[in-house]
């Protein structure tokens, strides 16, 4: 499978692709995002169970993308493809400018060797060929379990005051390092609200208020868009359960609008658009 | 003086009546330095904590000025209780002495000086460097005692060789006999041999300032502050207004707003120049100004970088060019 | 308890609207008994309670006893707040910080002051100080450019300098910035400098202005054969602490707030791309 991937990438360079964002190896032998710019770079690509990065993140990185000329190749897993669909729907990238190489995936593991939570419930291990330029790899034998939202339910079971205390304790741990925001492919605002000085919407310092605002505002900005790639939670140095927060929003959107973010590249974003049959606010059961 | 872990725990419980104790605690599968109320909370068996101990001296957030009708009121640093940092690794203790060069230099910072004054650091020599540690390449050692007021050398059988190294250390362990503070050679040898990673800092680092290398290696960087906030020697900070007070808080040079002036000019706008700045500040400029590399080889940046990039890789990669 | 960060109180005595977005504030420290000795080229951190603190070079000279002036361009939250101040408003001052101009090395030399826009502010303090002991210096020339005629700061003082026989004053505006009755030159400062073709000889040049102007002007001085040790500039990068600790203004091994803001071109040449 890896050889097929390398060959595919080499062929992309023979075409009109100038940059391929893929997985490679760092000097200290860890799997890292790499930026191949010539056929020979394909030799160093890797594919393993530590390829957890959602590389679509780099499609909105202006330092990497340069002046946007030429076609960009990108290696994606099924989950990353969902995020790509949101980027396409939000017109941050154009399909014609991309060569999408999808990989069939057996699941990713964290630094301790444990299967990622999102992989346990994955239904996109075999990416839809209609959304990519090619799909590589054997069809994986996966038996995903249903996402039971147990972590979300556990918090919903708390009365409001307890819930506030729970999240306040979580956000107190926050260092405001911005790793969660910066790794998110959908946090692509050129000037993040949290960085604005004038007016200063969100306190810069790690104050209790500032931290709560930062995370709650981000959760709101993600609702209806986030495809639950889980990267935010993976990268948090202090282990804040950000995925739980994002999935809460995802569940509300699913139940109210019947929409799964990232299902298609032209899907409307329920909270960023209005349709006559949108549910009445009163009808939306928010627990 | 050889002491058992439970003797130390008992001493700690005693000390926590009058001192604020900052020690490693296991949370969510990782170890963090936190304020503890009892010895039972302490994770003795740990490698390197996620956070460093620098927050004891440079608080992540500090209200230092309050506005009054007549002008400004200085806010003294809170909680005047003496503090004990317990089981700090040699890299972390050394990191504090490196920060001292900035904050206790020609214009001493009052907060930092006050916190330094009332904090005692008891260190734990390191017998378990992991694949990211490289303290021996930057002037440190897993058996180092720089910055410590007392040191505990693990004997391997649940007991520790306690070495009192300063008056503050003596105040915390008054029963320990006078000690020359020398760490057993056997321990030092074994510990240093266990550090697998080496970093060779090129002599010509300054010459590589304009190299394309920085553009290449910085591509995956997310410009977040994970490395800086966890680093024992990163100390850049911001000063901001928050309502009726002025606050000092941690900041990071990778941030989009770090160098951006109000009028819009950003002299370090490109990602690669930020990535380069972090490396050069630690390995070139700091040595030029203070004679010491501003890195203790703790490996946190490599361990916690969202895209698995570490500063040792960046330096070693340059050597290969 | 006083700390490094406790500002001294100062009162706004007068405000001059230099241009549509620049005001010059004259300040008087409340505790006048406590001396405030500074050298031209040093700066202060000016605080407006609840709005913030920002860096401003001192635009007056030590010789003007009891006078402390800062010129402020309105570009953001803090400067907006400063522009909303009235006379008698209370502000905070920290400083003086920075190295200031090396007055001793300037003595006896021919001096060429090159300013752009609000960059005339630190030069003004220096020029005033030099003019106070005119005989200590050689030939003096001032080249000042602004985007338009209306954007020139210190218009009255510029007229006064132009009126002097012992100073050569050349004023220019950017192409398109002239008014029908504009009698000065039209052209960007570096280009006008090349036209003036100053000789290096025994000269020292002092340059201050927006980053792009500094960069191009320093390059022009290089073309004109000036020794980089004899071309000075006053940099202004984003600063916070003002005392070399917060790391914001760090460039190369230098801290603009501590080792600068006045630098020779030689000092900063190596890191030019990281500054300008």
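Think of it as A, B and C in the order they're written, each chain with its own count starting at 1.
FYI, contacts are C-beta pairs under 8 Å (C-beta built on N, C-alpha and C of every residue); 3 or more make two chains touch, one makes a residue touch a chain.
Given the structure is predicted, the values throughout are model-derived calculations rather than measurements.
Undergrad: Could you name the chain whose Cα mean is nearest to the mean of all protein Cα atoms here?
TA: B
Undergrad: Using C-alpha centroids, which chain lies at the maximum separation from chain C?
TA: Taking each chain's C-alpha mean as its centre, the farthest from chain C is A.
Undergrad: Out of A-C and A-B, which chain pair has the most contact pairs?
TA: A-B
Undergrad: Would you kindly tell me how far, in whole Å, the mean C-alpha position of chain C lies from that of chain B?
TA: 39
Undergrad: Measuring from the mean C-alpha position of chain A to the mean C-alpha position of chain C, what distance in angstrom results?
TA: Taking the mean C-alpha position of each chain, the two centres sit 48 Å apart.
Undergrad: For chain A and chain B, what's the span in angstrom between their mean Cα positions?
TA: Chain centroid spacing, chain A to chain B, equals 32 Å.
Undergrad: When you check chain B against every other chain, which residues touch at least two of them?
TA: 238, 240-241, 248, 251, 262
Undergrad: Enumerate the residues of chain C that touch no fewer than two other chains.
TA: Only 76-77 qualify.
Undergrad: Can you tell me which residues of chain A touch two or more of the remaining chains?
TA: 197-198, 200
Undergrad: State the interface residues of chain C toward chain A in the complex, per the touch definition above.
TA: Against chain A, the touching part of chain C is residues 76-77, 80.
Undergrad: Of all residues in chain B, which touch chain A in the complex?
TA: 27-30, 32, 50-51, 60-61, 131-132, 197, 218-220, 222-226, 228-230, 238, 240-242, 247-252, 255-257, 262, 270-272, 302, 304, 306-310, 312-313, 316-317
Undergrad: Write out the stretch or stretches of chain B touching chain C in their complex.
TA: 64-65, 67, 71-72, 74, 76, 102-103, 105, 107-111, 206, 209-210, 235-241, 243-244, 246, 248, 251, 253, 258-265, 267-268, 273, 277, 280-281, 284-285, 288-289
Undergrad: In their complex, what parts of chain A are in touch with chain C?
TA: Checking each residue of chain A against chain C gives 197-200.
Undergrad: Which part of chain A faces chain B closely enough to touch in the complex?
TA: Those in contact with chain B are residues 26-28, 30-35, 53, 57-58, 61, 63-64, 112, 175-179, 181-183, 191-192, 195, 197-198, 200, 203-207, 231, 234-235, 237-239.
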